[in-house]
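Labels run A, B, C and D following the written order; every chain starts at residue 1.
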Amino acid sequence: MAEAGKSLAYHARHEKSWVTATAEQDNPPTFAEVNEDVVRSIVETGPGYWWILGVTVVLTFLCFFVPWFYQLEVGLQASGMNHPVVWGTYLANFIFFIGLSHSGTLLSAVLHITNSSWRKAIYRSAEAMTLFSLMTAAMFVMVHVGRVWFVHWSTPYPNQMGLWPNFRSPLMFDVMAITTYLTASWVFIYMGSIPDFAAVRDRTSGWRKKFFTIWAMGWRGTHREWHHLSQAYTFFAVFVIPLAVSVHSIVSWDFAMSIVPGLHQTIFAPYFVCGAIYSGTAGIVTLMWVLRRAFKNFDRYILPIHFDNLGKLLLVLSLIWTYINICEIFTGWYSGSSGEMEMLKFRMFGFYAPLYWEMIAFCAFLPLLLISKKIRRNLTAMLWISIAINIGMLTERFIIVATSLPRQYLPDAWGFYFPSTVEFLITFGSFGIFLTLFLLFVKFVPSISIYEVKETLPEPRPKGEN
Amino acid sequence: MTISIRSALEPAKRALQFIGALLLGAILGFYGHGWLFPDTTPVQPIEFSHKVHAGDNQIPCQYCHIYARRSTSAGVPSVNKCINCHKSMETTSAELDKLFAYWREREPIPWIKVHDLPDFVYFPHKRHVAAEVDCAECHGDVAGMARVSRVAPLQMGWCRDCHKKNHVNNGQQCSTCHK
Amino acid sequence: MENPHKSLKAKWEENRRPGYYQEYENHWGMVIDLDRCTGCGACVTACQAENNLPIVGEENFREGREMKWLRIERYWEGEYPDVKLRFIPMLCQHCDQAPCETVCPVYATYHNQDGLNIQTYNRCIGTRSCAVYCPYEVRYFNWETHVWDEPLEQQLNPDVTVREKGVMEKCTFCVQRIRKVKDRARDEDNRPLLDGEVQPACVQSCPTEALTFGDFNDPESAVSKKKHNDRAYKVLEDLNTSPSIVYLSRVEPEDESHG
Amino acid sequence: MSEDSINRVKRRDFLKLVGAGSVGVGAGAVVSQVSRNPTELLIPYPVPPEEYMPGVDTWYNTLCQGCSARCGVSVRVREGRVKKIEGNPSHPVSRGGLCARGQAGVHTLYHPDRLTGPMKRLDGKLTQVSWDLVLSHLAHEFRQVLATERGPGVAIVTGSARGHLHQLMQEFLRTLGSSRLITYRIDAQHNLHAANLRSFGARATPYYDIANTPYLLSFGADFLTGWLSPVHYSQAFGDMRQGDGPRGYFVQVEPRMSLAAANADRWLATRPGSEAWLALAICHQLLEDGVYDGPDRNQWVERVADYSPARAVEPTGLGADQIVQLAHDFAAGPGLAIIGGGALHGTNGLLAATAVNLMNYLVGSFDRPGGVLANSPPLFGPEAAYSESPYAGLREIVEAARQGRLEAVILHDVNPLYSAPPELGLREALESVPLVISMSELLDESSEVARFVLPLDSYLEAWGDDSPESGVGFPTASLAQPVARRIHNTKSAGDFLIELAHRLGDDIEEALPWRDFQDFLKARWDEIYRTRAGSLEGFDAFWTATLQAGVWGERSAALGAPNTVMIPAALDDLGHPDPQFSGRRAEYPYTLHPYLSPVFHDGRWAHLPWLQELPDPISGVVYTNWIEIHPQTAELLGVRTRDVVEISSPAGSIKLPVLVYPAIHPDVVAIPMGQGHHRYGRYASGRGANPIEIIASRIDEDSGDLAWAATRVQLKPTGERIDFVTTSGNPRPLGRQILGPADGGHG
């Protein structure tokens, strides 16, 4: 392993960042300790874990699947949607989770090709987050459509009917984009984990050994394998970045390509992408905080500097986000069209005004605190800010849907939308899905990249040799 | 040296085999059941033999299915129609007794639909008869069947193929059959 | 006599493929004369009777889940005593450039041989995007599988599919009637359709004859003629959906002449 | 492990695999079984009926019974089931059009709550019995009635019987020695007929040629939904607006904007009940301007001398100049004036109607296209409509019952306990009558007091005929035929009466010798054939021809006298134009303006789901009714839309949610009729309130007709709210070019 660490270290020059990373602590963990810590996070399972897992599973079942099956039975009347507001919470959540999925893979990829080594401790769980939020988002597509039992018709596959999907449809692009992104992210995270699977394989026994043997795909850590890996990995990193950008642009087109006042915005694509990375990054911060707490010794790998760096990123993103919001409002107002004006009036001063201003407060103003290094280094502050940002982003998705559709062109057909209990439950339950998946993840995959962390550590000294 | 998948799969061999068997079985069962017990040949309340009527006695289809030429539905002959012939000929047989029973009660015969299209499909016999499509093209050699059985899949792809083959005007338009 | 300063729309119009509907047999369209329309609602019920629209019940109305392919919108103008009430029947406009058609991922809605914007219920998967994209909000979604109290279901029109939960539906210009008439014409050795031979339920029932239906491809048809009336306009024309329904605005005589 | 060990399978493993496989097979089989479509049956008729072809429509022509206009309709029948009703294009009344009510008529046949068989009240509870039992019972009872004193102890109240059914009822009663046949509808236009009778001595409603009039002045007549013949006059309205001729200008005068007013070019909100004043004032002005110079001019001048526009200002609330202007425009038109609705049902309704006739007369609008055309009286059917008021009839019945002179009452397709003011005391009266028979399609309020409840055929199952009362300008008559087999154990009124007569035997049977109602109809139509339509060879040919066309008429027939002369005496002894109201202004500040709902009319068909789900044309409200009040009034009371107020009049009080209505006179509150049924099927029961319950039983002394627009009310906020549903979103167009290039559009 040690040699392996060196070999990849050789490919990626990182001495500088190594210094910054180690400057954080007086006694950096030795290679052996890394292995132990990470493997422990997998094999040692306290009652607390089981409790949490149990809770999330039950929550998922009761709050997501039970209401969903009920809805399948009685039809979408179980939701609060109506005419003209035919899109509601489900779609908002869909976008939110797609958003959350960004920056996981994206960030990891970007930071990989830019050789910023501080990513190494966090990227694995970040990518996992991508994967799982994408899956949750996919679930929301199922929940959203009226006849989920025919949803496969939206994918191009040869069938006896001789019918194909409509390739002009942004929803069609969506299906494509999301599946591609999901696959790519899956391959990306899996490939990156192979050496760690091997590492765990070599340190566990019983069914785990078998399990990780399969996943390690007979990784032996030869120089050739490392070479293949690093090349493929870099390739995928480059490949994933445009993909990630495209995914949320396309999601935004679902809206932007309509002519509904408030949705028909040329700026939507960058708006959504930026928003996505924004909420995604915030998500990572939350996640890191949790991991750091959850597992013994992880605070030796997830360091304040990571929070610091992400904090900077968040600050930049929040500024971009605010800018785009202003653009959006301005163009609406400047158009002077009655449709836009009424929509804005409803959005900013109507029933959902509190939500709107809450969003502005959480996503535009609160993050400005990150300008101070103290706050960026204060983990608790970071936690709360990141959570606030994601709440804000969730509301943003909701507001986009719930304040545009009720105020369309024909005043006589104006309506109103408020989510039903079922919708609230399912929204709540969806986080259950996400958590459950993640909890399983930390037990089956090294949630910190063993070998890449090692790259950031000083060469093992004889006394630390095991 | 090579990265060997097989050695990787080794420990999961059993499980994989198990799952494989299960799937294989399921597929077998699904299609086997359809093949062994097809629902294309239901048992009718009266063992009416098209073979005898349309086959041996050469009665043209539209002698009984009188509406096919003029309406969307071909129509099943009324009990009255059966009686008209059978009061004079072939008046004695177990099956005919059933028929006469229905007639005495003035009860309709609850025939079981062999060619059953979904309700969202609009299929006019009229058009197809007018286009001189032979009944057998969809219904098969009914004249040879003692008990009628469905030979065509009656699925959309099948309809469209025929429409394509015969260059039917608007034959590929949804709203030609779905309204 | 090229007009140098012609609007973008005009330029677009002429660069657009000529005779959008020539590839189709007809360009069915409707002319609605708001000076004749009294807003009585006969068309609404006629539509409900013809197209198997469900009886949704008061609760669904409260939820905003009514099923009316054709609704009458009412707008107030002015204040008492010079207050005015105006009606406008709103139904699917069967747009040439229908936004709903581009968004449906499964082609459940598209332009058929009659130049109609058709909804194929059994293909619909219920993403409801078409309803979002439609600026006229004339697409209605089946939030549940509606049932009819016995024996009301005996009235259901056998020529029209009864929709199940989860599918979108909307005005079809009574495509089943168009079919029926075309069918008849075909039996009568393929004669061409006569103008006014096809009448959707709403047009047929209208007591004031405010609605006219016909083929815009036929320059001699009543609708083609009325289209050139100087009161003619299309709703939300600036959205460039080019609807197939032409409205004739209501005449507002100057009241000075009369007391 | 080594290579081969992977491929070699041990026995135990093999067994396991086999087990797995068989489990899979089982599962697969089950799945394929359940995924099969349910088997469907093909059930042909044992003996197919005539002209039956599955998958092909048959159209029958018959008559709509939604209101008294009796439009001719074509009914689409498929596989023996009624699918749709459309206007009969060849029928002179409907001319192919049909209103929402007519469309919804299908459900009178298929309504889930229809009575399925005759019922008898045994110790308070209605229990199903057989027709045979009912008939023998009734025969028995009637014989007793006759035995006691073969006097006028029997009465029939009908809501819809017209044409020969009405005659049959008369016959039936006559044989029983009674003449008490009352046709009661709250929407009856008795004052209109009475006024015409006074003015011209003709037993015919003239034909108002709205289609060709250059200037229409309507006094509260909502001819688009509830006046004489809505569909027919709607068509006329369309032609007036965008017909071949120049566009007619249309002014509506009434305290509350009705659908007609909404479609008028100008709406004048006058004080309620002041229409008589306005009409007289206009006549005064017309004479002053010398518009009329007939020989009888002076007689008119003296008769309207007191009603100068100046004096009309106070009662009408219009400016004198406005009235003068109206008169000028009306003369310039020359105009056509019509009257209906509240204007016709005040205490001065007859006077107002007569004054309106005079207006038309003075500008010479009689016998002129675009004016008032002479009309042929109905070929047959109720004459009573012209002479005696239906409400007078009801009061007479109450009187008789109070004095115990009434043995039996048959309520035929009428619901007086709903549609007549309770103050009349009809309920108590009927409860005191020994034998009350209610013939209706559903259990309604009136069947509560009935000892026998007899299920009526839907009009789609029964024979009938009619000669339109409002007329179409030439003699015409239509036939109604059964278009579907009976789906319940019901009878038509005609058949029932004839059968009952047969049970009663001897002279009564001789008086009504016909096999059934159809037989009776044929006998009667045979006369029409002989007297009028001799052209067709053979009655049967005539009969089938009429059945197929649904109507028979003589366009060629000459219309009444070329120049109508109005009887000056018509205006005499008609009392003062000032309206009288029940309830002192101090105590009851607002005038109640009940109006026929555009959707439900008088509520006869409120049980039809399609109508309940048809948004009200003006408010967009479904499934209930409401009280319309002026924004000022709302402010005064501190109520908003949907706040419930208690509306009390001297006659009683009801509760309704408020609808703040921008187009109503501040002194007036309006309530649509038709809702507020206590029991009338699942769709109508318990929705809203019935304004008739608080209408004072006050009459127009001159005609004896119910003055349902002559009640004052007070409003009390209750603090409750009823969240009624309206399909309307934002009521204002926000300048979005929806109604035309520039909102509203300009010709």
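Going forward, a residue touches a chain if its C-beta (ideal position, glycine included) is under 8 Å from a C-beta of that chain, and two chains touch if they have at least 3 such contacts.
This one's a predicted model, so the numbers in the text were calculated from it and none came from an experiment.
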Query: Most contacts: which chain pair?
result: C-D
Field: Length of the line joining the C-alpha centres of chain A and chain B, rounded to whole Å
entry: 52
- line: For the pair chain C and chain D, the C-alpha centroid-to-centroid distance in angstrom is 30
Query: What is the distance, in whole Å, between the centres of chain A and chain C, each centre taken as the mean of its C-alpha atoms?
result: 44
Task: Scan chain D for residues touching two or more other chains and write them down.
output: 55, 728, 731-733, 736, 738
Field: In chain B, residues with contacts to at least two other chains
entry: 10, 124
Query: Using the touch rule from the top of the page, what residues of chain C touch 2 or more other chains?
result: 66, 71, 73-75, 123, 236
Task: Based on the touch definition given at the start, go ahead and assign the chain network to line, ring, star, complete or other.
output: complete
Residues of chain B defined as touching chain D within the complex: 6, 10, 13-14, 17-19, 21-34, 39, 42, 67, 70-73, 75-80, 102-103, 106-113, 116, 124
Query: How about chain A: which of its residues touch chain B in the complex?
result: 159-162, 209-210, 213-214, 216-220, 222, 224-225
Statement: Interface with chain A, chain C side, in the complex: residues 60, 63-66, 71, 73-75, 90, 99, 102-107, 123-129, 131-133, 135-137, 140-145, 165-168, 236, 239
Residues on chain D engaged by chain A in the complex (per definition of touch): 728-736, 738
- line: Interface with chain B, chain D side, in the complex: residues 1, 6, 9, 13, 16-18, 20-33, 36-37, 39-48, 53-56
